[in-house]
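Next come two complexes, and both contain subunit A; in the first it sits with subunit B, in the second with subunit C.
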Partner chain A sequence: MMIRERNHNGVTIVMPVGRLDSSSASQFMSGSPSFSGNGKIVIDLSEVDFIDSTGLGSLVGIARKKREQGGDVRLACLNEKLRKVFEITQAFRLFDIYDDAETAAGRQG
Partner chain B sequence: MSASITMNLPSDIRYVRIASNTARSVAELFSGENGGEEGKYEEFRNAFELAVTEAFSNSVRHGNSPDKGRQIFITFSPENEGLTASVADTNPAFNPEIPPPDIFSYPESGYGLLMIRQLMDEIRYSRKDGNNTLTMHKKLKNPHNQ
Partner chain C sequence: MKTLIVIREKDYGWMSSFFPGVHPLVVPICNKPFIEFLLDFAILAGSTAVRIVSDGSLNSVEAYCETGDRWGIELGYGSIRQNDSDETVMEKNRLFCSEDRVLVINGFIFIRYADKAGLKSFFAETSSGSLSRCSSGSIELTGIPEDVSAAPGTLPFSLTDLHSIDSYYRLNAEILTDYPSPYVLPGYSNEPDCHMGRNVVISKGAEVIKPVVIGNNVQIMKGAIVGPSAVIGSNVIVDRESTVSRSIVLDNTYIGEQLDIVGRIASGNTLVDPETAFLVSMEDPHLLAGMNKAARRQGLVLIRYLAHAAIALLLILLLILPYLFFRILLSVTAKWQTRAVTFYGANEGKSFTSALPSISCGGTTCSLFTRLSLDRFPMFFHVLAGKIGVIGSFPLEVKESGHGETEIFSGYRPAVFSYAEAEDWPADAGESAIVERYYAVHGTPAQDIVLTVKAFLNRMHPGEQE
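On to the complex of A and B.
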């Protein structure tokens, strides 16, 4: 899967492109050095058109690892399909979710 | 869509998108023939696609047989004002009633059956002659009359 990265005010914004499913999730999890360490990152999901339970598990795993290391993960730009997955699994309780990535990167806390 | 559609896929995660895309195509065909203009039944199509994807992935993940020729059998049937998908495999039996994972323990897996239960109107599991079959039904409801 293709992963794009950009920086906004010192915060890495990671943007996976395509389907985040059981055939791409492991590639995604190892796809960015920013998934380790104590920095804050934003995962911009605007170019993800489908997510399944394995894709969701990869986001949860990245969040756990980052928070154990003193960092954090925020999510941005979930379409209706993705929001539904976060709703039915209660995973929305684990993440601050924003409508756009730059706001997520800029918000203090 | 008047007849059932069946497909056999290798038990290999590389084939998950074929299962997923076929489920979506079947849901689009079925809902389109039942008055579903563009966008009207999007939630039905999304749910059906995702539930079949999860069932297929579970079958691949829990297959621990050394037999490389193992296959997963998927059937799509229009019935009872909705669509039924059944996903069958020769894996060991499993408990479809496992409790959902505790989200606050940050689980990386275990969401599949929870999602299927939430997305579909009815699910049934059967074990017969060494085969598991997970049958899932989703009614086509008019989103404007709910």
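On to the complex of A and C.
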């Protein structure tokens, strides 16, 4: 899995590319220093074409860790496949999900 | 133009006791799912794309509406969180809302209108802002009007609150008597105020008094009187000499012989008085009963049961000797106790009780006992009895307060081990429910076998979990 990072208004936008499953979840979780600390980050999922329960677990794990440290995680750009997984599992109850990463990053909350 | 429909759980929470398991957007109003009325309005207002967003599940709405092809529109879905303000909702849907005029229907409201033809021009000419508001919701418009020179017209619609079962009942009655009706109701209508579905059998001597709406596959037996002001759903039998007037009979309901349903809502075996919201469940299936839908995926259920029973049997054989050893050892030292625990079963209203060991010791003995999952040993027998699975959801304990019921989610399958344990998810109920829902949809019996082994091994090595 490849992980791209960019910055918008001082907020790190992390963009994983590929599948977020049992084979890549641990790599993803350790893939960015911004996953720890108390800042806000946005995970742009536009380039993730598959997610399974382990992948979901990695997102939940990152969010839990960030929130424990006073930070926050927002998700953006879910494609239709991912949105359905979030809908079926009701994982949407745990995350703020935005249409686009810049809006997610833009508003300090 | 586009339409954003925002509906929140707090707006429709009251419905769950009257329509358990049915999303309010697919609850029928005069036999037509509520969402269709909203989509009709959005289309008449000139929308080509609609997005439905909610802080609750939209699974059943999506299963019904799909991508909106049936209405010739582009239909999408989105999620918000419980405490999101209206401003945050718009931000979360920025891409959908950015390039167009957007009609925002916010809340659990019914939109009444008389002049279908005038809606499109009204929305094209009206300036943005809040157009109408009531206690259950509002209608707003964003973006620049197409025709800025036009004078603002009078509001061609009004909002009806849907905040109680009485408001739902009265709305059905009003739509039924609206003439000429601006709404398209299901069924064919040879004469005004009478809509009939397919395969409706009206026996000799039965009487149908307008206005009525009758669904598909309905039998009205000899001597029965249906109407006036009756809404009869699909797959309904009104048996001999019964009367249904000023009432709503929902799908899959049997009305027994010589029963008078007047001013009530009947659904399955429950009868509701809309004025008082009093709900009574009839125990006698000859009076009022739900009619079972066709058996679903029985084959798959059997295969799943066989796989789970086989693993349970294997684990019983593997663990019986250690279990007996610990039981004797701890009984001798008076550290062995059992505790009867009642859990919610997989089917609504069912529960099961298991006598689970409760040992009062510390150190290595206790740790080994738990690591070998011997604390759950008696539950394997419930798997053989088909009451629970060997892997599924954390079984929820029945509490005297009844609080646990609220935590039961669709797809809840109580089991000895949980998918969350297999996947090393945290024990937090909200988070572990995510992985349980995932496997409720994506799981297979073969995967269940692998995940049971993983859960068993994870319990054996708890230190390696996060």
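Heads up, the rule we're going with is that the second predicted complex is superposed on the first by the 109 of 109 C-alpha atoms of A that agree within 3 Å, B and C clash if a C-alpha of one lies under 4 Å from a C-alpha of the other, contacts with A are read in each partner's own complex, and residues count from 1 in each chain.
Here, contacts are C-beta pairs under 8 Å (C-beta built on N, C-alpha and C of every residue); 3 or more make two chains touch, one makes a residue touch a chain.
What you see is a predicted model, and the numbers here were worked out from it, not measured in a lab.
Overlaying the two complexes via subunit A brings subunit B and subunit C into a clash. When both complexes are overlaid on chain A, the residue A:19 reaches subunit B alone and has no touch with subunit C. Look at A:83: by the touch rule set out above, it reaches subunit C but stays clear of subunit B. Once chain A of one complex is fitted onto chain A of the other, the partner contacts of A:103 are limited to subunit C, with no touch recorded for subunit B.
Within the superposed three-chain model, A:64 lies in touch with subunit B and with subunit C [touch as defined at top]. After overlaying the two complexes on the shared chain, residue contacts for A:93 are found with subunit B and with subunit C alike. In the overlay built on the shared chain, the residue A:53 is in contact with subunit B and with subunit C.
After superposition on chain A, the subunit C segment that clashes with subunit B is 419-427; the remaining candidates among 149-157, 365-373 or 419-427 show no clashing C-alpha atoms.
On subunit A, the patch touched by subunit B and the patch touched by subunit C overlap at residues 52-54, 56-57, 60-61, 64, 85, 88-91, 93-94. Those residues of subunit A that touch subunit B in the complex are listed here as 19, 21-23, 50, 52-54, 56-58, 60-61, 63-64, 80-81, 84-85, 88-91, 93-94. Only residues 55, 57-59, 62, 77-79, 81-82, 84, 91-96, 409, 419, 423-426, 430-431, 433-435, 437-439, 441-442, 466 of subunit C touch subunit A when the two sit together in their complex. If you check the complex, the residues on subunit A that touch subunit C are 52-54, 56-57, 60-61, 64, 83, 85-94, 96-100, 103, 107.
Residues of subunit B touching subunit A in their complex: 13-14, 16-17, 20, 42-43, 46-47, 49-50, 53-54, 57, 60-61, 100, 103-104, 106-112, 114-115, 118-119.
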